[in-house]
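You will see two complexes here that share chain A, one where it goes with chain B and one where it goes with chain C.
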Partner chain A sequence: MYMLRIMSTLAWRNLWRNHRRTIIMISAITIGVWAMIFMTALMRGMVNEMVRDGIRALPGHVQIHGRGFLDDPGINNLLPMKDEDVTASFDAAGFDAWAGRIRVPAVVTSERDSRGITLYGIDPVRERDITFVAGDIVEGRFLEDADDSGVVIGRKLADNLETELGKRIVIMSQDPDNEIADRGFRIVGIFEARLEAYETSMLFAGKSAIQKMLNVPDRINEVVVLGDDYRNVDPVVRKVTDLVGPGVEVLPWYEVDSYLGTMMTVMDGFVLVWMIVVFLALSFGLVNTLVMAVFERVREIGLMMALGMRPTSILLQIVIESLLLLLLGLLIGNVLAGATVYWLRDGIDISVVAAGMEMFGASSLLYPQLTAHDVVLANVVVLILGSIASLSPAWRASRYDPIEAITKV
Partner chain B sequence: MAKQSAILSVVISLLAHPLAASAQQPDAAEIVRGAIDHWRGTSSYSEMTMIIHRPDWQRTMSMRGWTEGDKRTLVRVTEPQKDRGNGTLMIDNTMWTYSPKVNRVIKIPSSMMSQSWMGSDFSNKDISRSDDIVDQYEHNLIGTTEAGGHVTYEIQSVPHEDAAVVWGKEVLTVRDDYVLIGHEFYDQDGMLVKKLTSLEIGEMGGRSVAIRQRMGKVDEPDEWTEVRIDAIEYGVELNDNVFTQSNLRNPRN
Partner chain C sequence: MTAVTCIELCKTYRQGDQEIKALDHASIDIGEGGFVCLSAPSGGGKTTLLNAIGGLDIPDSGEVWIAGKRIDNLGKGELANLRLHKIGYVFQAYNLVPVLSARENVEFVMQVQGVPAGQRAEKSMAILKEVGLQGLEDRRPAEMSGGQQQRVAVARAIVSRPALVLADEPTANLDSKTSDALMELFVQLNKTHGTTFVIATHDQRVMGYAKRLIKMLDGRIVDDIDQQAA
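== the complex of A and B ==
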């Protein structure tokens, strides 16, 4: 212990013998650590937004379907239980928010054009807490209740169909017997979404009206449940599974929208790779600095050995020196990264590249997100890999032959 | 209504029963209902020619059609050779097509109902429906003209709120002997989008019939489809198996 204190004192003093070099090295480590933490926070923020948007764009946190629905999302894979039974049991279970839907592929026709879309028969009251649409109405109104006989369509779809608010459109789909089911609806609301794809592919109508049109009274084919945190949906999945029993499929959002799910997993791997890459660049500087420090002090090290210092202590001294260097850099780097994230807490406007970002589902305002996990990971990576990197010069220093070292010019 | 007019054009079988002369101001819905009952109220066999005209090409198809009531229709192409045997069968509002090249009977799904029928200006939906015009619309008589010994009624039909009709209104022009003179489709801003016009009316199969009818979009005057009746026979005895998928595939008549 006494030995360790002497070594630490020696290392600390050695560090400041060439303070310019030390300060440069600390700056390098600081910038590296800052880059690791801040960039990770940025990417996390981006993915976070994507996932949150993605979830708000309908998947919810947990979905329930009849078996086979995901392969053939249509009228032929209804949930085995009735709409009202679902309502009773889900209301009793006390979820944050949930909604039943009937969702079928359909064709919408105006006087001048027709388009294929996904028709959502929704319960607007429940859906308000779950989907984006209720809040993104730019003209007209959102649906009022499940019996509402109007529809809400996307701005882009309205443009494609050359129709507008207040006009009638015809929706055609198929009932369970494959007979054509169609009906006219009046457009009561137009929504704008951040992603154009949502605007062109979704059409919302009252659930009861759609059930009637499709000739499936009191049946639905999708239930969406919202928990309190998208990163922790397993408890909700378990609760729902217990509630609905076998015969239906209960899926968390990352399986419903596997693109989003994969995104999260890829992100975790990417963060680690990013940190290691930054560290590798950093480690060359670190090793070089230590090699220089050792090289300058060959005679001194020889003298210490000649006076009876053990090679282990020499090794320890160099490693401690590098650790002190790293710790200083980490400290400043962490503080700096934290400060930057705090400074940018209102989001970074990246609308200049919004079109490109939209392509992969991100929005144009970026909120950096600092997670404890990433900060710890960055620090651990730097400390552990830094110590390992410093072992090589330290090992060389401890292997000197005292006589040769002393006589070296 | 589009449906109806189309049927009209394809199968033209208007009865030549003049409206009761006593009715001073006949009810618009009754004229429409009467017209449909009379042109589809009986069975018929007809031979037709369909001309599809486009700015840079035109093609002509000959076909034969059978109808029974307003629910059952079978149309089969006879010329040109490469399209021979292509057929369409309609029962109620359901439609099947058959093409000898793929040797399959295909039920037209809802997603294809608004697509063109055999490349013409009629959509599948135009062709497959018939009697919706009566109860899915609000009919109003908006004009009466007299010319050449006939009274012509102009009827404005506005679809009901939940009717599966995209048009804002349709205007039918019907002669007092139930021959459809014209059928106009207006969008919801009141702009004329497309119209069906009877170009030639004459006696055939013992009735007044619109012999030549043309359907075209107002925006593109160079694109139209014309249906010409070459021969028609009313009140024919039709076997039950005429309107079956197996007959669509393997013609026995």
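== the complex of A and C ==
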């Protein structure tokens, strides 16, 4: 490929004829690429936090229910298998973490007030790895075992009920025969959550205690399984489906919590739009630079054509020049973005602005997250769109008239 | 077979409401191994004729034949090929690629032709020595005098030994000594390789070297002198 050789030589040397212009352009591309990658890493980090929080707030990675449970969550939609059978098979399957729950709508009453809540009968030992609550107890203690006769409630709910740690409350729900089932519990722990909704709507009690109260010994209506990565739950879904067979519903987190799931999809689209917008801003500079460069070289381009170089080679030469610019900008931009993310690996404190973010479930420490997918995407967007943008000046150059170049004195 | 045949070439330029006949029914015939000078005052149509012969410009009417092949009806790609492989050029005004060194400029045509690097280097070094530019091989055009640049252009035109060399005022920027050296080189190549030369000039010294002198005026051929007989 002699042609490629000479075209690259020419492209490279022409690039450095106007140092200043080239350096400015490379800086612009660098900044653009940096912005594409780093801002994406920030957004990814934020979504990551939200999803992790969301998942820790109960869904886990995969959930198993009776069919139609999500539409009608209650005591009438129990899993067909017994609690102890579930325990035996899930323990044997070797999941990272899993837990069985019984979850029903209920009313909680203090001496002062009452509220509608979702009651979770949980196995506290297993839940330690799954839900946030164990780690976010601010007063008292977490539940100790499935027989624990205490309950753990949110700070906000306690305030609403005008009750406090150590006091008794009454929980009321229905058993499978639609009879009222109620029981008094002592508040043994109070938790705080990032989302106020969690604090007001969740109440945790021992699983066995609730089974007894609701008159469903040895039955549960929800199993939660945790895999190793929320972005890769399909293998877990398959494994669980194989394990439990038909007749029950196996759902990944993004279907359990469709808000979280949608956010992930929207995010992917947003990242692409962001990259293209940054690129568009860049492309004006790029095309302008190339148009000027090509315009200044009317004569030598005409000369090369007069000597027998084909117009396509001229076109390629300009595209190569543009690619060299882009590659240099990409190289530095990638390195800078990587370095920035590494430098901020311990998180960025955004507590100043975090107050407004809490409603999204974001935490006040933001960890930018660099993914291969986003980096590749940014590079591909810049290279492909950049080549396309450079086609028009390159085409113009390849249309030059050689006679003008060699006869004008 | 003739190297160059032009039949009734016409080319008219329009400037405002004025018509300029750059070529006016010009016909010439140059045999293989010819050494021809085209002489005319400035604006006489020399460059226009050379461009037509070299496949750079298409005349309004008439025919151009190079080495037995009609070229005025070829497509752009075929013309580019013809220029690349069959003809060596020294242009009147602008000859060198600024970002390439003397040697790279000389090698440019060979490189586009696909001549291997070793062969290119050997030939370009030899030819630069022949035109008296030894030691200046790595200079860019901007670091050379007008005469030196002109010699680089000549070196490029003859380095791949084309059958036909078209030179448009090749000595315009040269002193008399270098002019003579250059013309002797042309004569030498003409003798040993049978290369056909068509040289546009209004330099009397150059005309003295020609075997044949064609005079033009206002786009017409006005005189055709065989100088060998003399």
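Side notes on the structure shown:
Note that in this section the second predicted complex is superposed on the first by the 404 of 409 C-alpha atoms of A that agree within 3 Å, B and C clash if a C-alpha of one lies under 4 Å from a C-alpha of the other, contacts with A are read in each partner's own complex, and residues count from 1 in each chain.
Heads up, the rule we're going with is that a residue touches a chain if its C-beta (ideal position, glycine included) is under 8 Å from a C-beta of that chain, and two chains touch if they have at least 3 such contacts.
Everything quoted here is computed from the prediction, not taken from an experiment.
Look at chain A after the overlay: chain B and chain C fit there side by side. By the touch criterion defined above, A:Arg13 lies against chain C but remains apart from chain B after alignment on the C-alpha atoms of chain A.
Seen from the CA centre of chain A, chain B and chain C lie at an angle of 160° in the overlaid model, rounded to the nearest 10. Contacts of A:Ala372 after superposition on the shared chain: neither chain B nor chain C is touched. When the two structures are aligned on the shared chain, A:Ser114 is found in touch with chain B, with no touch to chain C. When the two complexes are overlaid on their common chain A, residue A:Ala92 makes contact with neither chain B nor chain C. Of the two partner chains, chain B is the only one that A:Ala181 touches; chain C does not reach it. Of the two partner chains, chain B is the only one touched by A:Val170; chain C is not.
Overlay on chain A (Cα): least separation between chain B and chain C is 86 Å. In the superposition on the C-alpha atoms of chain A, no part of chain A is touched by chain B in one complex and by chain C in the other. Those residues of chain A lying in contact with chain C across their complex are 2-3, 5-6, 9-10, 13-14, 17, 299-300, 302-311, 313, 402-403, 405-409. Looking at the complex, you find that chain B touches chain A at residues 93-94, 107, 109-111, 113-114, 159-168, 185, 187-188, 193.
Residue ranges on chain C touching chain A, taken from their complex, read 47, 51, 56-57, 76-77, 80-85, 89, 91-100, 104, 108-109, 111-112, 114-115.
Residues 105-107, 109-112, 114, 116, 149, 163, 167-170, 172-174, 178-186 of chain A are the ones that touch chain B when the two sit in their complex.
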